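First comes the structure, then the notes that go with it.
The chains carry the letters A, B, C and D, assigned in the order they are written, with residues numbered from 1 in each.
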Amino acid sequence: MNVEKYKIEELNEVTIKVHQRKFTALLDEIRDVDSVLKKLLDFNIAIPSWALGTGRTRFARFAGGGEPRSLEEKIEDIGLLHKLNQSSGAISLHIPWDIPKSPNDIRSLAAMHGIRFDAMNSNTFQDQPGQKHSYKFGSMQHVQSEVRKQAVDHNIDVINYGIELGSKSITVWLSDGSCFPGQLNFRRAFENTLESLSEVYKHLPSDWKMFVEYKAFEPNFYSTTVGDWGQSLLYASKLGEKAYTLVDLGHHLPNANIEQIVALLLMEGKLGGFHFNDSKYGDDDLTVGSVKPYQLFLIFNELIDGMDARGMSHSTDLGWMIDASHNVKDPLEDLIQSVEAIMIAYAQALLVDREQLRKAQEQNDTVMGQEILQKAFRTDVRPLVAEARLLSGGTLNPLQAFRTLKIRENLIKERGLKTISTGL
Amino acid sequence: MNVEKYKIEELNEVTIKVHQRKFTALLDEIRDVDSVLKKLLDFNIAIPSWALGTGRTRFARFAGGGEPRSLEEKIEDIGLLHKLNQSSGAISLHIPWDIPKSPNDIRSLAAMHGIRFDAMNSNTFQDQPGQKHSYKFGSMQHVQSEVRKQAVDHNIDVINYGIELGSKSITVWLSDGSCFPGQLNFRRAFENTLESLSEVYKHLPSDWKMFVEYKAFEPNFYSTTVGDWGQSLLYASKLGEKAYTLVDLGHHLPNANIEQIVALLLMEGKLGGFHFNDSKYGDDDLTVGSVKPYQLFLIFNELIDGMDARGMSHSTDLGWMIDASHNVKDPLEDLIQSVEAIMIAYAQALLVDREQLRKAQEQNDTVMGQEILQKAFRTDVRPLVAEARLLSGGTLNPLQAFRTLKIRENLIKERGLKTISTGL
Amino acid sequence: MNVEKYKIEELNEVTIKVHQRKFTALLDEIRDVDSVLKKLLDFNIAIPSWALGTGRTRFARFAGGGEPRSLEEKIEDIGLLHKLNQSSGAISLHIPWDIPKSPNDIRSLAAMHGIRFDAMNSNTFQDQPGQKHSYKFGSMQHVQSEVRKQAVDHNIDVINYGIELGSKSITVWLSDGSCFPGQLNFRRAFENTLESLSEVYKHLPSDWKMFVEYKAFEPNFYSTTVGDWGQSLLYASKLGEKAYTLVDLGHHLPNANIEQIVALLLMEGKLGGFHFNDSKYGDDDLTVGSVKPYQLFLIFNELIDGMDARGMSHSTDLGWMIDASHNVKDPLEDLIQSVEAIMIAYAQALLVDREQLRKAQEQNDTVMGQEILQKAFRTDVRPLVAEARLLSGGTLNPLQAFRTLKIRENLIKERGLKTISTGL
Amino acid sequence: MNVEKYKIEELNEVTIKVHQRKFTALLDEIRDVDSVLKKLLDFNIAIPSWALGTGRTRFARFAGGGEPRSLEEKIEDIGLLHKLNQSSGAISLHIPWDIPKSPNDIRSLAAMHGIRFDAMNSNTFQDQPGQKHSYKFGSMQHVQSEVRKQAVDHNIDVINYGIELGSKSITVWLSDGSCFPGQLNFRRAFENTLESLSEVYKHLPSDWKMFVEYKAFEPNFYSTTVGDWGQSLLYASKLGEKAYTLVDLGHHLPNANIEQIVALLLMEGKLGGFHFNDSKYGDDDLTVGSVKPYQLFLIFNELIDGMDARGMSHSTDLGWMIDASHNVKDPLEDLIQSVEAIMIAYAQALLVDREQLRKAQEQNDTVMGQEILQKAFRTDVRPLVAEARLLSGGTLNPLQAFRTLKIRENLIKERGLKTISTGL
């Protein structure tokens, strides 16, 4: 399915006047609106290939329809998304689910849609058909060196696929850990994992980054071998300067202060990337911003503060990615809401008066510190984000456009009602 | 200290034009703005007398200055607050900290400030000097009947004080519970507590309500005898139709869905009152809205939905109270922020398009359900809340007014730098 | 595969002397050992049919081998287990995974193994092939009456299957809930669910019980419609005297005091059944006793205290069942460890000196209360539990027997390496 | 009060026969009992001076009687404790609560009781009378350098007091953090704290250690500047080889795997010390072993494994200390239970068959890994711990001795009923 430019323009025409009025009213609240719009225009969030299909829990999967059946169709989906919001011009592939038959063709297809290849993702948390060794008891942590080697080799394969596609980073998420006290020697598991990661690190091209993702629990329910930011930072520090920590919002113990973790990792020069989602209980993988929008804003507040302090580029120096599980929503609609929520939080955080905030903090003016943050958060920046979309050729209201253009209905027509897109 | 009406008008004049522009811009987003304003005008939040002084943790207390030294000065403080925001015209007293020497004088003083007497609070979580029996091992749950009787008698005293002042309800918060497995027989503790509460209930005037507050933990760290909404509802149901459950936002286990609890208690006709604060870890008693503003909105969303379904009055049929501990903020500034946050959440929830929401829910349109709620939440209702204050004679910006009028400095001048107002 | 009696006797002979020495040494610590042994002998824990195969997480499933391929083989597995430990003489079936072709044959087969039919389990958390309406947005809570009716009809079918097999209860676990704020009207969801449950309740034979299971979260990650014991108790109270609450150890918010919940439900006469497992983070479904053995003991302590207070039979008046997910252990070995852990906790709790405990509690002797419980808990009751097994014809050491007799190897020989037994 | 040796012997005589029978029965289960006993004999746990009085919550304090009124009486109390259990021959002082008037006299007094001086504790979480700058907004993190300097100077004072007394370490616990988003710049707070700690570190004698304690929350409720082991390790690594992380069992987010943290810190050579207590919800400061005895065992299991791997001495290479708040128990009885629980967990962990465990782990025999740990945990080692006490001249049953000898009654006679010993 294709969404022609004129259709977007037609849709925008209907609401442009209301938009302009709201946007104009907002202008008084924003200093240097051009700079803010520029930053919003530059900002892109990568879509993981597995997010284009309906997700599952361990109990069930309730499929929707019209889900992409191939890597090509996944790129097509992201192309549609990007056309609507102009902020999701990147894809994050997963191997082996997305092994490209012809990397060149895939590159061309992606380029046609204005999509680049973000971090590659390896998979040693499942056994694939025909796989020699099982990951039942871990992969890079495994007590047997041949299993570790298999996991290392797989990651090297993933890097090689990435090189062909023009990716510049690999995200290593390990489900390695244990379910019961006594199952694992924590120290040996750490040492084995470090050794395995070092092997992969050796094969990292000089302009690549390795993201070491951490997660508190699930699918292992007693210990996880890369379980928190402290462990991830230990690995990344020992591996070398191309290794970084990756933060996934759902991968923490209850009540963790994620924004502080982000600030400290940036301080150490070791924050590499971000997986956006939201959660109430665990790794719920809900739509980012749907449960704790203020936390999302506070995280962006630290991201901006920390990146600016190091002179980092907001748009290119960290890997930004959505990582959610769309169990009860249309995946594309969910991604539209996700990108919107991220842009809103980013825009709000850009509005924070940092000079005033610094002053309040230096005077221990706690009341004012809260006021300054909440002033930015309570500002209704939706017109600002819409304006950025308008300027870049996207739709004023992507969700409305998605429904008006009957995109899902068309995809179902093309692909059928029963399709499966992920390997979970 | 007194804030004359002309001073408020002078202050409002400075910002009235900016306010009017913002309010006008907002009008397009609000259907039936008069009805919304009317509801905001009617809404008042009670201030607990102990919130006017600096709070403490178990480690330390870092006092501010100019804190009220008497019940009269506490009423004066709330009077100042109410003058600024016109939304805090009620006080919630604590016995024995606030025993009025002359109830009539106190009633007159409060009336002069436009303040009524909300729920009375008893205290059986501390031992008072000269008290015969200790509450070290509980009060209403106590294994010894004489201790239970002492606690019951105290609560009856509290009711009697309340009758003299014109209060219509008593909040019973029990810290009763246990710190160690084996300390307590849960069943007997429940039965003793029920028996004690029944004794108090017998003395409740016919037009009074009893609020049974629950709390998951602290100051007891193994079990609490009124530990969750289920237990509180059991007590309230067994006690009778004048007994209700009181929800304090900080009194839950991690990740509890408080808005669902609120909805169910309203469904059962057993929600009686509310203690507002915010928390990240436990009963942190932080400023309401400072950590989880979206949760606050969702709770108000359920409150409105549930109260409307039962034809309840938003302003009078539930007891609304702040209950926070102002450890690092000026207590009055903290209360200004608290009331503002509550009014904002209430206003946002009033904007929810309930007809559309119902339709989305009936179609399982999860995406649209989220959109409808977030549309209301993301609307910047600060001008709306300010307009309500303006209409009722308050200040457009209470916090700014507090600082410009140098209220704290004046109170310090009057009362001194070292004053203590709470009994904690 | 069959384990002949003589084999068990041969195995026991090897270790009988060591056992007798240990058991004798223990006798000094136990008052009225015969009564304790009698209770242990009478105690049986039902095995759910789905626990006989390797479990899965939402990420992966790592199958073992020799798993049962049919209901008959599931019964065979439990028969083997029961032969070893003589404490698992009951099976809990799941419909539609275990629809018996010939109920009579199944009854005979079970009887041959000394196995009775415990609670039946319905399934409205998955869509089955050919099912008319989807449970994607709930079953008994569903906004559409035809979906609710389908769910009700399914539960009635389950009851009918149960009647044919001789079961006396149905466990209703609903995954109904919502993933996002706005998705659901909590009140209507409750009312719909209550109405649906009432329909099922109407079809309950007079000597049956209905267990209403609650769960805090997962697979829905924002709200659950039967989310905690308070909600379950509300449903059970409104349904009638044959309806009870069922407690699953993994279905609570972090830090919940489950033993207190158990005590209160027993006090109300509304505790119906129990699902044993263990967890550190959520519904981890780990082997019961593997992470928090003291909590398990404390729960049994309340169970005994509460049941004795009501004159209930330990062995028959509550439904006891294991409900775990065996992801990294051999399912049968895991069940052996589970039953052993339950028997140990039960035995320890039987040793609690209740008279002394009552005295300590009446004197607020917290130190002694803890001592009395820990004395029982720290007693090494393994010889006691082994003696009970010996008396009933089981093995002294079931795990060792399982391995020595090469039971899994034999099952693999009979059934093959790649078998699937659950419907998850 | 003094407990003469003959009294202890008299008490032991009464129960010696029962003890010997139990101990003998246990011998079969223990390989190399002499080595185990030797380790138990060598093991001592320091008592913090503030644990000798009744603790408080933020709501209340319910004092007992006979509490020590001076440093001398605190040492006397620990002397009594040590006489009974022979395992608490160390005291951990807190400045300014325990400033010794004459260090030499205090040293002599302690020596007389067989007590050495463990880690010194500084206090920058409270304001002391006459203190120039307030710690309301932090100490070592403070935005103003003069406040930081005051905190640094205080810590240097503490070191100097410690040198005079023969201590060899300082524990720095900072309550520094923030209560509200916006209050603090996380990065600057970290940098300030690091700079302050570095100043203190410079004054550390060459044979001293600095313990950097972390805590997730309380008394600050939004962020803590040394909030988790990752942050503490960052500080300790940047400070130098004399700086270590200190683990307090109650200072973690819900469900944290503390034993894994311990293992990793030992792996890094950066675990310095331990604060024992227990908790269900937060920093509850309950008696160690009273709520989660298996967790305590698992931690000791890692401690032994990790220390042995580095050739560390169990008794001298880590700082062992109790840190609890005795709110509802007699402090001395609580400390008796605490030391007993620690010795039991240590003894159980010493019984783990590490060779078998290693084998099970190398074969991914999860079932056996659990069995091996639980075998040790379920062994009733109370006679073993009692035997160690007997060998060292202590009582077989310290709690019974404490009560039989009417120690508290005697202390009340000597010191009175209303005494206050802590500065909280």
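Brief remarks follow.
Keep this in mind: a residue touches a chain if its C-beta (ideal position, glycine included) is under 8 Å from a C-beta of that chain, and two chains touch if they have at least 3 such contacts.
What you see is a predicted model; the values in this text were computed from it and never measured.
The chain pair A-C and the chain pair A-D differ in C-beta contact count, and the higher one is A-D. Remark: subunit A and subunit C have CA centroids separated by 40 Å (rounded to whole angstrom). Centre-to-centre, using mean CA coordinates, subunit A is 43 Å away from subunit D. The multi-chain contact residues of subunit C, meaning those touching 2 or more other chains, are 136-137, 178-181, 183, 216-217, 222, 254-255, 257, 280-281, 287, 290-291, 294, 328-329, 366, 370-371, 374.
Viewed as a network of touching protein chains, the structure reduces to a complete graph with every chain in contact with every other.
Residues of subunit D that touch subunit C in their complex: 18, 21-22, 25, 28, 254-255, 257, 280-281, 287, 289-294, 328-330, 333-334, 337, 344, 366-367, 370-371, 374, 377-380, 382, 399. Listing the residues of subunit D that touch subunit B in their complex gives 56-60, 62, 125-127, 134-137, 175, 178-181, 183, 216-219, 221-222, 254, 279-282, 284-287, 290-291, 325, 327-329, 424.
Only residues 136-137, 143, 178-188, 190-191, 216-217, 222-223, 227-231, 233-234, 252-257, 259-260, 263-264, 266-268, 294, 298, 301-302, 305-306, 309, 357-358, 360-362, 364, 366, 369-374 of subunit B touch subunit C when the two sit together in their complex.
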